[in-house]
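In what follows, structures are represented as structure tokens.
The same subunit A turns up in both complexes below, where it pairs with subunit B and then with subunit C.
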Partner chain A sequence: MRFTILLSLFLAFIAPFSASAQDNADKLLGIWESGNGKARVKVEKISNKYYGKIVWLREPNDPVTKQPKMDKNNPDESLRATPLKGYRMLKDFVYKNNEWTDGTIYDPESGSTYNCVIKMKDENTLEIRGYVGVKALGRTDTWKRLETKK
Partner chain B sequence: MGNKSSFLWAIFALFCPFVLLSQTPQDTIAPATEEEDYSQYDNLGFADQGAKRYCSPKIFGLSPQRFVSVAWDMQLAHDARFSTIGAYDEGDNPPVAETGRVRSAGGLRLGANIPVVSRNSILWQMGANFANTAYDIRDIQRVTSDNNSVATALNERGLRTAGLNTTVFKPLGEHQFLLFQGSADLSGDYTFSDMQSLRYLRYSAAAIWGKRPHDRKQWGVGIARTYRVGEMNYIPVILFNWTSVNRKWGSEVLFPARAHMRYTVNPRQLLLAGYELEGQSYRLNTLSPNERSLEIRRGEMRARVEYQRHLFHFVWLSVQGGWRYNWSYNADYLEDGREFFRGFTGNQKYAMLNELTNPLYFNVGIHLVSP
Partner chain C sequence: MNTKALLLFWLISPLLLLSACKKEIKTTFSLNNVALVAEGPLTEGSNTAQGTVKEALAAFLKEHNLTPEQITNVKLTKAVVHAPDSVGFDLVKSITLQLASDGAEMVEAGVVNPVPAGAKMATLQLPAEPKNMLYTLKQNTFTLVADLDIKQDTSMNFPLTGNLEFEVTHH
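Right, the complex of A and B next:
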């Protein structure tokens, strides 16, 4: 009986903190624009991991074929006919220690995938660092949150 | 408190986190499906009203930026002729002190360029470079009895340059930017066991204002203090990076330092053709009496073709071959090591007027490239 009460109190005590951490994690959800303004990415949560897919391109059509852009630079030839709109360029991020980590970012312009860590500078600003092996060898892009124009 | 209430407490505490977990923020935009209407993302604005867009330092199709480079550079056989040390105007025909056959000249080149601050609103990189030129000069013919032998000094000690550099890219909005580059280089016949004083550091810098009208073009104009042709000079510079609509062709130009046309075989293979000016002022310690610094104003133009290809992960290979044209191998005496400005019109005399014939050269490098 005493153990049950103690366990209940303990769980009741930690519950708000767990919920708070989860709320913070979900702040990543939404629509974001990359630093160069070329793409908008929608971040979603699937099975406790975060994914971001391209939902808008400043240049949606291939300037040569005039058709919607495909992932033509993908090293995997079987994926080169995949439309860029809808492509998940952020994959497998988990929230740890106030950042989203363990994920990758894909650059459709080069067909390269990089390790990536995401930090939230403020609720409308992300710092997305793609890196090669170690974080020092990387580049940070600042993404801005978008919302429907009022 | 009865058993029932304890049980309820436990149930509440156990499930409370999961209840809260399930309360993800409401997304006003429909979940992604294959038939998702992407037009709903057209009419969006920044949530932060003060947010600004900035132009990127890159355009489509540029050859990859290098974080770390290891390369081997080699000039093939050519002839060298060194004058006696004196005071000569350019165009004079000074007495020849020695001649020789340079069997090879070259060596290891290292480079690193690491971002210190990398934000949309500013990019700041720091870099370091090292280049060694080992000479193998044979058949040295002494024409005068003078004891100064540049050929012997080059053979025994070679030339090397090591330096630090920095680059700052500051976008002024979506279509304009400023670019600053600066470097400090120590060049001479020093070795790590017989280091050259830092008072002989030579400084270069460039400042460019530019425009980036779209994702396939950026251009700029500016001014540079440069040692690209051996002597310090102040020159105007023009930046012009461009990529064709089909992304196959392009240019990478920082005139007059370098200019290349680019052909993209595919995103993992590039061909470049053009030229680069290379140069530094190399102090010959062994021939610098007292406080006078004898410095070889080594400047060369390299007309070349370069093939770059992705090897694995973020590692690229470059193979470069071409013709090395000797722009200058003359020498100056610098009193107390103090640099002076001759420019295009100065009439200061040279301490030596030397000549090198123009050989083929090649350069092979491995590079860790930037995201």
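Right, the complex of A and C next:
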């Protein structure tokens, strides 16, 4: 009996913190514009991880072919027909210690994939750091929110 | 050759011989009629369809009397998606398919761009160098994710089914 009461009290105490952590994690959801303004990325949640795909491009068409841009720099030649609009450039992020980590970011201009960590500076500003190996060797971009989460 | 080197050779050679004899077998494994849905309203541009697959390898392991540890590689060899007969893929410009799970990295399964006009099914172009999907399929649950480039806004859901064929390498 005493154990049940203690367990109930413990769960009642812990539940708000757990819900709050989830709310904070989901603050990443929404549409964000990259620092150079060339692309907008929609972040969505699949199972317990966060993924971001390109939903808008300032220059959607290839200047040579005049057709919608494709992932022409993909290291795997057979996937170069993948449209850039809709491309998942942020993959596999998990929320830990007030940041989204363990994920990768893809740079369509070089065809390179980097480790990445995302920090929220404020509700409408993200700091996206791509790096190779160690976080110190990387570059940070600032993204702005365009639309509140859905 | 000194005595130590000779002794080492005699100790290691049976192990090398044993591992060389451990034959690898390749078996085909299919996941059929995986239901995915992009929930409407859908907007022009990229929309996400998802379907969950639970214990993907369980039946295969049981059928072949295997443990997960005996599998060394799972390679996707074919991916086909079907649209509802009544609708077809008329609304869809392109499809990109991925496998996602909490315990493994998202892996690209293939792409079809453009979807042939009037098609009700589409066979995806697979990566030339397919990744090992063992870690994804070993998870209790994984999500099949299809990014659909939709031609125009619609209030409908867009359901589709996926058929995947894998080559499983095991001992």
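We take it that the second predicted complex is superposed on the first by the 147 of 150 C-alpha atoms of A that agree within 3 Å, B and C clash if a C-alpha of one lies under 4 Å from a C-alpha of the other, contacts with A are read in each partner's own complex, and residues count from 1 in each chain.
The rule we apply is simple: contacts are C-beta pairs under 8 Å (C-beta built on N, C-alpha and C of every residue); 3 or more make two chains touch, one makes a residue touch a chain.
Worth saying up front: this structure is predicted, and the values here are computed from it rather than measured.
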{"item": "Subunit B versus subunit C as contact partner of A:Lys53, first or second or both or neither", "value": "both"}
{"item": "Which superposed partner A:Ala81 touches (first subunit B, second subunit C, both, neither)", "value": "second"}
{"item": "Which superposed partner A:Asp141 touches (first subunit B, second subunit C, both, neither)", "value": "first"}
{"item": "Partner chain(s) touched by A:Asp107 [first = subunit B, second = subunit C, both, neither]", "value": "first"}
{"item": "Contacts of A:Asn124 with subunit B and subunit C, given as first, second, both or neither", "value": "first"}
{"item": "Partner chain(s) touched by A:Lys91 [first = subunit B, second = subunit C, both, neither]", "value": "second"}
{"item": "First, second, both or neither for A:Glu44, with subunit B first and subunit C second", "value": "both"}
{"item": "Set intersection of subunit A contacts, subunit C complex versus subunit B complex", "value": "42, 44, 53, 55-56, 85-86"}
{"item": "Complex contacts: residues of subunit B adjacent to subunit A", "value": "1, 3, 6-7, 9-10, 12-14, 16-17, 20-21, 24-25, 27-29, 31-32, 34, 36, 38, 41-48, 51, 53-56, 60, 64, 67-68, 114-115, 118-121, 174, 215, 245-246, 266-268, 313-314, 368-371"}
{"item": "Subunit A residues touching subunit C - in the complex, by the definition given at the top", "value": "42, 44, 46-49, 51, 53-56, 70, 76-79, 81-83, 85-88, 91-92, 104"}
{"item": "Of subunit C, residues touching subunit A in the complex", "value": "45-46, 48, 50, 93-94, 96, 98, 100-102, 105-106, 108, 110-111, 113, 125-129, 141, 143, 145, 147, 149"}
{"item": "Subunit A residues within the subunit B interface of the complex", "value": "1, 4-5, 7-12, 14-16, 18-19, 22-23, 26-27, 29-31, 33, 35-38, 40, 42, 44-45, 53, 55-56, 59, 63-64, 73, 75, 85-86, 105, 107, 109-112, 114, 122-125, 127, 129-133, 136-142, 144-149"}
